[in-house]
Amino acid sequence: MKLWGGRFATAESKLMEDFNSSLSFDKTLYKQDIAGSVAHVKMLSKCGILKKDEEYLILSALEEILQQIESGSLTIEGSYEDIHSFIEAKLTEILADIGKKLHTARSRNDQVAVDMKLYAKEKSNEIIIDVQRLIKVLKELGQKHSNVIMPGYTHMQRAQVITFKYHLLAYVSMLERDARRLHNAMDILDESPLGCCALAGTTYSIDREFTANALGFSKPVNNFLDGVSDRDYLIELLSAFSIIMMHLSRLCEELILWSTKEFNFVQISDQFATGSSIMPQKKNPDAAELIRGKTGRVYGSLISLLTTMKSLPLAYNKDMQEDKEPFFDSVDTVQASLKVMAEMLKTLKVNRNHMKEAVKMGFLNATEVADYLVLKGLPFRDAHSLVGKIVLYCEENQKAIEELNLEELNQFSNYFDETIYDYIEYENSLDKGIKKEMK
Amino acid sequence: MKLWGGRFATAESKLMEDFNSSLSFDKTLYKQDIAGSVAHVKMLSKCGILKKDEEYLILSALEEILQQIESGSLTIEGSYEDIHSFIEAKLTEILADIGKKLHTARSRNDQVAVDMKLYAKEKSNEIIIDVQRLIKVLKELGQKHSNVIMPGYTHMQRAQVITFKYHLLAYVSMLERDARRLHNAMDILDESPLGCCALAGTTYSIDREFTANALGFSKPVNNFLDGVSDRDYLIELLSAFSIIMMHLSRLCEELILWSTKEFNFVQISDQFATGSSIMPQKKNPDAAELIRGKTGRVYGSLISLLTTMKSLPLAYNKDMQEDKEPFFDSVDTVQASLKVMAEMLKTLKVNRNHMKEAVKMGFLNATEVADYLVLKGLPFRDAHSLVGKIVLYCEENQKAIEELNLEELNQFSNYFDETIYDYIEYENSLDKGIKKEMK
Amino acid sequence: MKLWGGRFATAESKLMEDFNSSLSFDKTLYKQDIAGSVAHVKMLSKCGILKKDEEYLILSALEEILQQIESGSLTIEGSYEDIHSFIEAKLTEILADIGKKLHTARSRNDQVAVDMKLYAKEKSNEIIIDVQRLIKVLKELGQKHSNVIMPGYTHMQRAQVITFKYHLLAYVSMLERDARRLHNAMDILDESPLGCCALAGTTYSIDREFTANALGFSKPVNNFLDGVSDRDYLIELLSAFSIIMMHLSRLCEELILWSTKEFNFVQISDQFATGSSIMPQKKNPDAAELIRGKTGRVYGSLISLLTTMKSLPLAYNKDMQEDKEPFFDSVDTVQASLKVMAEMLKTLKVNRNHMKEAVKMGFLNATEVADYLVLKGLPFRDAHSLVGKIVLYCEENQKAIEELNLEELNQFSNYFDETIYDYIEYENSLDKGIKKEMK
Amino acid sequence: MKLWGGRFATAESKLMEDFNSSLSFDKTLYKQDIAGSVAHVKMLSKCGILKKDEEYLILSALEEILQQIESGSLTIEGSYEDIHSFIEAKLTEILADIGKKLHTARSRNDQVAVDMKLYAKEKSNEIIIDVQRLIKVLKELGQKHSNVIMPGYTHMQRAQVITFKYHLLAYVSMLERDARRLHNAMDILDESPLGCCALAGTTYSIDREFTANALGFSKPVNNFLDGVSDRDYLIELLSAFSIIMMHLSRLCEELILWSTKEFNFVQISDQFATGSSIMPQKKNPDAAELIRGKTGRVYGSLISLLTTMKSLPLAYNKDMQEDKEPFFDSVDTVQASLKVMAEMLKTLKVNRNHMKEAVKMGFLNATEVADYLVLKGLPFRDAHSLVGKIVLYCEENQKAIEELNLEELNQFSNYFDETIYDYIEYENSLDKGIKKEMK
């Protein structure tokens, strides 16, 4: 079933039909497509282009088709070019000639554009909720272990003492930006392309405000050519998704690290781990590895669509059909990753003693020793250099700084007195200065 | 000159020193680095960590260094690890011990983060202005040729008649989104990382609100670990830049197409074209080709930073130093491309007659014929099919639709009468329905 | 059905099971998986690890499973972790305890590695055949129109006269490199990972040469850890696929250009074009646009896998499961694109007159005029400059160079005499110097 | 200085001149450009297009220019369009009219193509040597610690015992493939484009075999249009470089992991580590982090050039000028990374005791326990499940398997007898089956 063909003398080749058909994936859009048609038909009727009884019949038939699809009695398949052709064909089966009026003052170019925008909005909203749920889980996990200290790392080397809760809150900050980014993308895309028709509007006096409003958009797009050939919003969302996955990949990397025998900071629940087919002892953090691996997949979709859109002249080109699969796949990937991460964290066991133990090794209080010397009057750069030498001494003698006695410390500087031990005690340091914010 | 080394027994290898040093590119940030230090020093003084006279001396010396760099009397070079080390070294040369106090309660991790954010804000603002200038040029060019009609294309096939002005306005819509996208990115990044120190704040009671305010940020970041390891804003901007370049690549493609002998719609000024070293007759649209080609470059930078940030555990890792070159390069590329495009359009010659001539060939009024039949009572889908057959007839007989006489038309449908010719006249059609918006 | 679980106290969550299962896509590998098992079982028997009758029973059962899958009586579905688990489960259903012996001295890590390599080899061979078929079609198309001349372009500006055949042969050269590139990739991957087990070989004295040989590999891999974690060959193939798509995208761009009303050099058959749902006259080169658009898709898969593999420590990590979908999808995309291109070219109509007509406009003989002057004694750089001025004169007077009379030409140089007209005649120029190669 | 301009009425704008000029980066190619001109001039003379004395003068002048550049007395700068224009201008300064003959039967299109190929060959050869040096260092490091055992990991979980040497040999296998891949790319590119001229050869009877031979290519390219517009070899090399960087990123990740306090398997020399500006105790594995980070940079260059080349019609387009910077930068990045890695490994300290200690924890002999049971008669899948239960018991009782007494073991299976302890001793297991290859 084709929506065109009058001017064609030879039939499409079977090879081409398969290559060209988007039905196998754009069937995802059936709900949006019907919603778009409903708004369009109401508008046509309001503008006098369809009669009231035609409107009524078409709306009833569209409703029927929707129900059949959702109930499973109508399967979306067959040699249709796309979901739009499929639904129009079903409509014409039900209504004959009246069904053929649906496409008045509309092209598939504006139809698919409005379908994708409706889908993008719906899914972005869902993802924002997924992000917020994960934020909640992170906060609760932090709260539950609010007094747990651990080493903070830079360059994967132990650096300074922090709290586990505060570490998790770093991810909350990232995710809050993610949610803002999605909101911003939705703001920019919030214009309806319906009514642009193929690229040049229509000789009918249709009401684009009406359909924009009916479909929940803030207004119609400004320009017809842009309206049918704009895929910015998909790229912007794929970029926002890529950043989300990047954030998750960082958290996954940490969960995987922390689950090693070497770190042993956390235990991932059996529910989110798997075993080995050969090594009976293995318990692997597969969920975290999969999310980390899927980051590449979403990056790939971003670069895919950016590449496809490069250098396309106005307005619509068929290349743009390649926007759907990467976007649908990325939506699914991001949603699943956020959900799995949330559940994995909910069931995470925290080995607070190992974390605390790790704080003690690695001179995590060296910066505080330098700060102490600065308070006593040494310029910071000199204090830093001096403490470096103390650390070297400690390494050679396998001691922590707090294990040096005053005599040893005074070999490096006379500024040291008894108060140093209290000053550099790990938990104490979290009570000083702006470090309090970590508690 | 290193800002560390106390704890090191062996010197860095020369190979490593070259590999590690970022001075050759992060010198771009000298102004931002000094601005950050000025704010930091004022805050340290306000909080009683530096004395008033120390503040005064350091500020004077920083001002002196800035002036020396800008006047060219101080060249940023030498075996310094980075711009931060360079400036701290110069300061210490001038002030000795007092200079060594600059780094109190600060790490290079928060220092470079604040430098990059200041740079990103400044450049994004400049790019917004470049975008707005290009918008202005597009509008003026459209206005200057406001009554020029041309074929609108889909699939690079002539589709329907449009105005040249309206075609240009499609790019205005794209660029307006670009400006919004940059504003949104700037909104999200608008938090100061200064004071996060290495990753865990500091035992000093510093005032992060003060430095945030002094540097023009709306507030300090929420989380220290996130503050020093967040590169989201660079990725988000690179994504926005990529979309800008994608838009420009589309316009370039059209300018190149329109400049071909085959289209001959426009002439690019000699000022923005080049010749061939062997073919004396050639005049090539190099500026447009270069912008189109540079699109890949900006996409590459985006994927580069996304890849670099993937799976990095908290907080700072040296990998992040790789954020600078792709970002600096992309800023330069986008700015140059926007400027060149604007100037090229200003000097563009439009061949209105060729455009008009092209409208006549290609059945650009076929949709209007279908609309005409629908008004007479035919369902759109039937009208579409019928007009398809008329087109096939025209092609075989090498005629335009408007060149068919009524007898010929009536062989296809009795709905046709004399009114058809007026209805499908090209310029007339722009007065009908929502097509009026194109004028 | 899990191949592990003895050490697990809690069951996997349903969410995780869905997230983790690869059955929905790695079922593609059922044939390769069974082939790998057949070779493994024969080897185990040969080495005395399985008894002869066990070998016989397992081989028969594997053969039965293969036939059931291929006949459709066994559907690959259910809550299995992957295709390996599925087939082992079916085997155990048939053979009970003996089936449980299949996995002796093997891990899924080496099993999936060998499956993927077998798949990659098979598909690469198929793609080489597709490439060669397209080469044949290009050569035949050129041969069919062997005396057709057309403008050669640089910067999309008419440059010098060439033959249509020779233009097509440029793509033949590209595709020949593509075939070599695929062969090279297959050479490098031609080592069997079977026997590496999880990462460290096995305490059994298995015979890796035997299985390598049985499966058609030249030898076993050198290193167990590398054998299970190497995905180079998929990346190398995805890179080769990307270059193929880049080549096709260039040819598509030209077909789309040549099909415009403006160029009108070729007509794509109705079999590979589609129409518009609204504009009855439209005939769009969809096949070419789709292939061009799908280029982004394959680039995306390349970047996806490169990203996934970045920074993974040895040996196997679950991230690597993300190699399959992008690779499978790219194989399908490249194969379909090559096939569609070949068929589209077979049915292409060439408008030789329009091509020839285009040669005459655009000063395509300007370089020959310069060559003429050089033969007469002028240095090339001066000749080039002088001909540039002639072209400017021609443009102002709307003449071709060959339309200037001798008097006009002599105003520019006295070197011109009557012989110039013959020298710069378009078809003649193809008989001179190395241009003969174009015929 | 332009090599064109005769047909231009208006001068290039300054903005365009800067945007268009490639001199600032293609000056890298001065040596290759002169080598190409030398071969070209010799050929022109041999073919009688230049006179012997002209050849002599031009070759002398080219030699002089080369020496001046290398000695530093001639700086490559100024308002030249590119390195080709620069050198031709210098030649004409020295020789006047005779210099203007250099460009006979040559275009910059074939000139730059031959320059890039010469550069690509030279650099690829250097990189192959860098790869081989790193292979040597890895082998030596393994040899030096040939009896060191360590845990092998999958999913970053301790899996089975391996040798440190064997782990390093996995990287040797990867690097050997890298070298092969570079060789293959060089094989494919080994055809000279010189003589293709702009796109259509030349009316001169030049000798392309001669120049191909003189420049060390195996033969001239098959097709002129392809010769000037082929950038496959750069993409193929960038892909090979990306895989090299991916390999290095994996090794870096391991070095960074192994350098953590938690693993503590190795110590990176002070020569390849750096410190912190604030935390005096820090010693960071910066070299490894930088290489890991630079992986993104090379991936970015690959995607950049793939994007640029997409959909470019034949033959040369100015977009292709964007091939140089990403390629030059990637060559430098890969070379520096390989060299730094080699030196870092040479100075690496291996903590053999920590590695050995780690082997004992993590049930690394569980697979051997299962193998033991299989030898006693249990099907592997049952043995696997049973050992899983033993591990669970061990975890609950905080014991290693070898610490269980026979009584405990027999609770799980009667197959166990005294021989089990010897069978599962770690070092022993490396003497069994194909595990011997690891020694």
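By written order: A, B, C and D. Residues from 1 in each chain.
As a working rule, a contact is a pair of C-beta atoms (placed from the backbone, for glycine too) under 8 Å apart; a residue touches a chain by one contact, two chains touch by 3 or more.
Here the structure is a predicted model, which is why all the values come from computation and not from measurement.
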{"item": "Pair sharing more residue contacts (C-beta pairs) when B-D is set against A-B", "value": "A-B"}
{"item": "Separation of chain B from chain D, taking each centre as the mean of its C-alpha atoms, in whole Å", "value": "31"}
{"item": "Geometric centre distance via CA averages, chain B-chain A, whole Å", "value": "23"}
{"item": "Chain B, residues touching no fewer than two other chains", "value": "3-9, 103, 109, 154-156, 159-160, 197-198, 257, 275-284, 286, 289, 292, 295-296, 299, 302-303, 306-307, 309-311, 317-318, 367, 384-388, 391"}
{"item": "Chain contact topology (line, ring, star, complete or other)", "value": "complete"}
{"item": "In the complex with chain A, residue positions of chain D that touch it", "value": "154-160, 256-257, 259-263, 275-286, 289, 303, 306-307, 310-311, 358, 361-364, 366-367, 369-370, 384-388, 390-391"}
{"item": "Residue ranges of chain A touching chain B (in the complex, touch as defined)", "value": "3-9, 88, 92, 97-105, 109, 152-156, 159-162, 166-167, 169-174, 176-177, 180-181, 184, 187-188, 195, 198-206, 208, 221-226, 228-230, 232, 235-236, 239, 242-243, 246, 249-250, 252-254, 257, 292, 295-296, 299, 302-303, 306-307, 309-318, 367-368, 371, 374, 379-382, 384-389, 391-392, 395, 429, 432-435, 437-438"}
{"item": "Of chain B, residues touching chain D in the complex", "value": "2-13, 15-16, 18-20, 81, 84-85, 103, 106-109, 197-198, 269-284, 286-287, 289-290, 292-297, 299-309, 317-322, 325-326, 336, 339-340, 343"}
